[in-house]
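Below are structures written as structure tokens.
There are two complexes below, and they share chain A, which is joined by chain B in the first and by chain C in the second.
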Partner chain A sequence: MADGVVGRDKCGEQRLVSLPLSRIRVIMKSSPEVSSINQEALVLTAKATELFVQYLATYSYRHGNGKEKKALTYNDLSNTAEESETFQFLAGT
Partner chain B sequence: MAERPEDLNLPNAVITRIIKEALPDGVNISKEARSAISRAASVFVLYATSCANNFAMKGKRKTLNASDVLSAMEEMEFQRFIAPLKEALEAYRREQKGKKEASEQKKKDKDKKTDSEEQDKSRDEDNDEDEERLEEEEQNEEEEVDN
Partner chain C sequence: MASSSGNDDDLTIPRAAINKMIKETLPNVRVANDARELVVNCCTEFIHLISSEANEICNKSEKKTISPEHVIQALESLGFGSYISEVKEVLQECKTVALKRRKANSRLENLGIPEEELLRQQQELFAKARQQQAELAQQEWLQMQQAAQQAQLAAASASASNQAGSSQDEEDDDDI
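The block that comes next holds the complex of A and B.
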């Protein structure tokens, strides 16, 4: 079973999402109240997650101390989760 | 495939690539940081799904759709994602339309060409991949209907 919408395209077009849709779907379905998911919703959630990863990484890096050492560390991330309102839902994970 | 806790995580390789592309060149990412981001991403999916589901229920629908996800982003205060998501949605819809037309076109081409068998062989491989993908998508749609 293909586990991803990864760039198999031979025309050289960039794939819309790098994250595997099947995995995203598994996570979404682990929510008990969810009945079914339209394919577009799945694609958008995957894309949103990518954007989120990028945002979390860059935000933590910019605001963190690792910047001087040109590194992103766990501390940078936990600081972000605790201090930033946007990322507050991550605190404690 | 047995459902293990790891299956609720996203593949490390892809997460790492996304992070690297987002950060300036030469920045190192510790294993713990990457792992934390990966977990955060899973939490994000759950949070977004739950939010989107609320919108679906408000609309008395059982199936989550694209607009539910977009509304969820707004609700979660990730408005910055909405514009790129809308673009992605448009691109995806165009691609779906294009795929359908392309595979119909390929079938027409196949009928026309009787020479250059090598070219046809590689096109057949492409076709098989596309057909597999289409089948998968169809299966997915069927799953949703059953649910």
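The block that comes next holds the complex of A and C.
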């Protein structure tokens, strides 16, 4: 199955998301309890993940110490995981 | 932070895709390698989080397949409600594209000719056109050759008649 970037005729997702849908599907199904996933639901998950990355990066940068130096560090990210309620699920990563 | 163990957790979004997203989100910002690696792993965690929640919602709804609605509800309940409007936009685009495609297919079907057959016909037409062009080119080339030969002959006989002046009379007799 082609990556999302060069995806073909499934929702025309080559325009919509830049993450590879096939990989996301595999990650989702690596949880044994997860049943089958509708194709559109997959696209939505990909989009949400994209937003997540953008949000995580932006949030960590803004609240982090590296802002003056225009740098994003590991610590910026881990601080976000600990302090932000939304991102707390990352605390074990 | 502890690293995840187990083979399934080695499965991550490709690093290049993450790098690209980070670059687009924070242009001109230096991002350390270990930070990038962390983002990659966070992605995987996020996907697991969403899919588990969506799966639970799906089970409660007594449906067998996780649907876009389940994903949206999962985002809401996990505190990612701010993503929902953009995610819904993508869903809308999805449906629009799918609808266009269905319409296009049914139009084709109404012609009574399935797509593969149309493709085959197209290939045939192309092959025919190519052949015609090739034949045309060959004809032209032959004509050029003939013309060149005639020109050569004409030039040869012209120089021959110049050289053999004494046989001119005989040749004149042949001329009509």
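Definition applied: the second predicted complex is superposed on the first by the 83 of 93 C-alpha atoms of A that agree within 3 Å, B and C clash if a C-alpha of one lies under 4 Å from a C-alpha of the other, contacts with A are read in each partner's own complex, and residues count from 1 in each chain.
Just so it is clear, a residue touches a chain if its C-beta (ideal position, glycine included) is under 8 Å from a C-beta of that chain, and two chains touch if they have at least 3 such contacts.
Because the structure is a prediction, the values reported are computed rather than measured.
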| item | value |
| --- | --- |
| Fit-or-clash call for chain B and chain C when the two complexes are aligned on chain A | clash |
| Partner chain in contact with A:R23 - chain B first, chain C second, else both or neither | both |
| First, second, both or neither for A:L44, with chain B first and chain C second | both |
| Which superposed partner A:T86 touches (first chain B, second chain C, both, neither) | both |
| Partner chain in contact with A:F52 - chain B first, chain C second, else both or neither | both |
| Where chain B runs into chain C (options 8-16, 116-124 or 134-142) | 8-16 |
| Intersection of chain A interface sets (partners chain B, chain C) | 16-20, 23-24, 26-28, 30-31, 33-38, 40-41, 43-45, 47-58, 61, 69-74, 76-78, 81, 85-86, 89-90, 93 |
| In the complex with chain C, residue positions of chain A that touch it | 5, 9, 11-13, 15-20, 23-24, 26-28, 30-31, 33-38, 40-41, 43-45, 47-58, 61, 66, 69-74, 76-78, 81, 85-86, 89-93 |
| For the chain A and chain B complex, residues of the former touching the latter | 1-2, 4, 8, 10, 16-20, 23-28, 30-31, 33-41, 43-45, 47-58, 60-61, 69-74, 76-78, 81, 85-87, 89-90, 93 |
| Chain B residues touching chain A - in the complex, by the definition given at the top | 3, 7-8, 10-11, 14-15, 17-19, 21-24, 26-30, 32-33, 36-37, 39-50, 52-53, 62-66, 68-70, 73, 76-78, 80-81, 84-85, 88-89, 91-93, 95, 126, 129, 132-133, 136-137, 140-141, 143-145, 147 |
| In the complex, chain C residues that touch chain A | 1-2, 4, 8-9, 11-14, 17-18, 20-22, 25-26, 28-32, 34-35, 38-39, 41-52, 54-55, 58-59, 64-68, 70-72, 75, 79-80, 83, 86-87, 90-91, 93-95, 97-98, 101 |
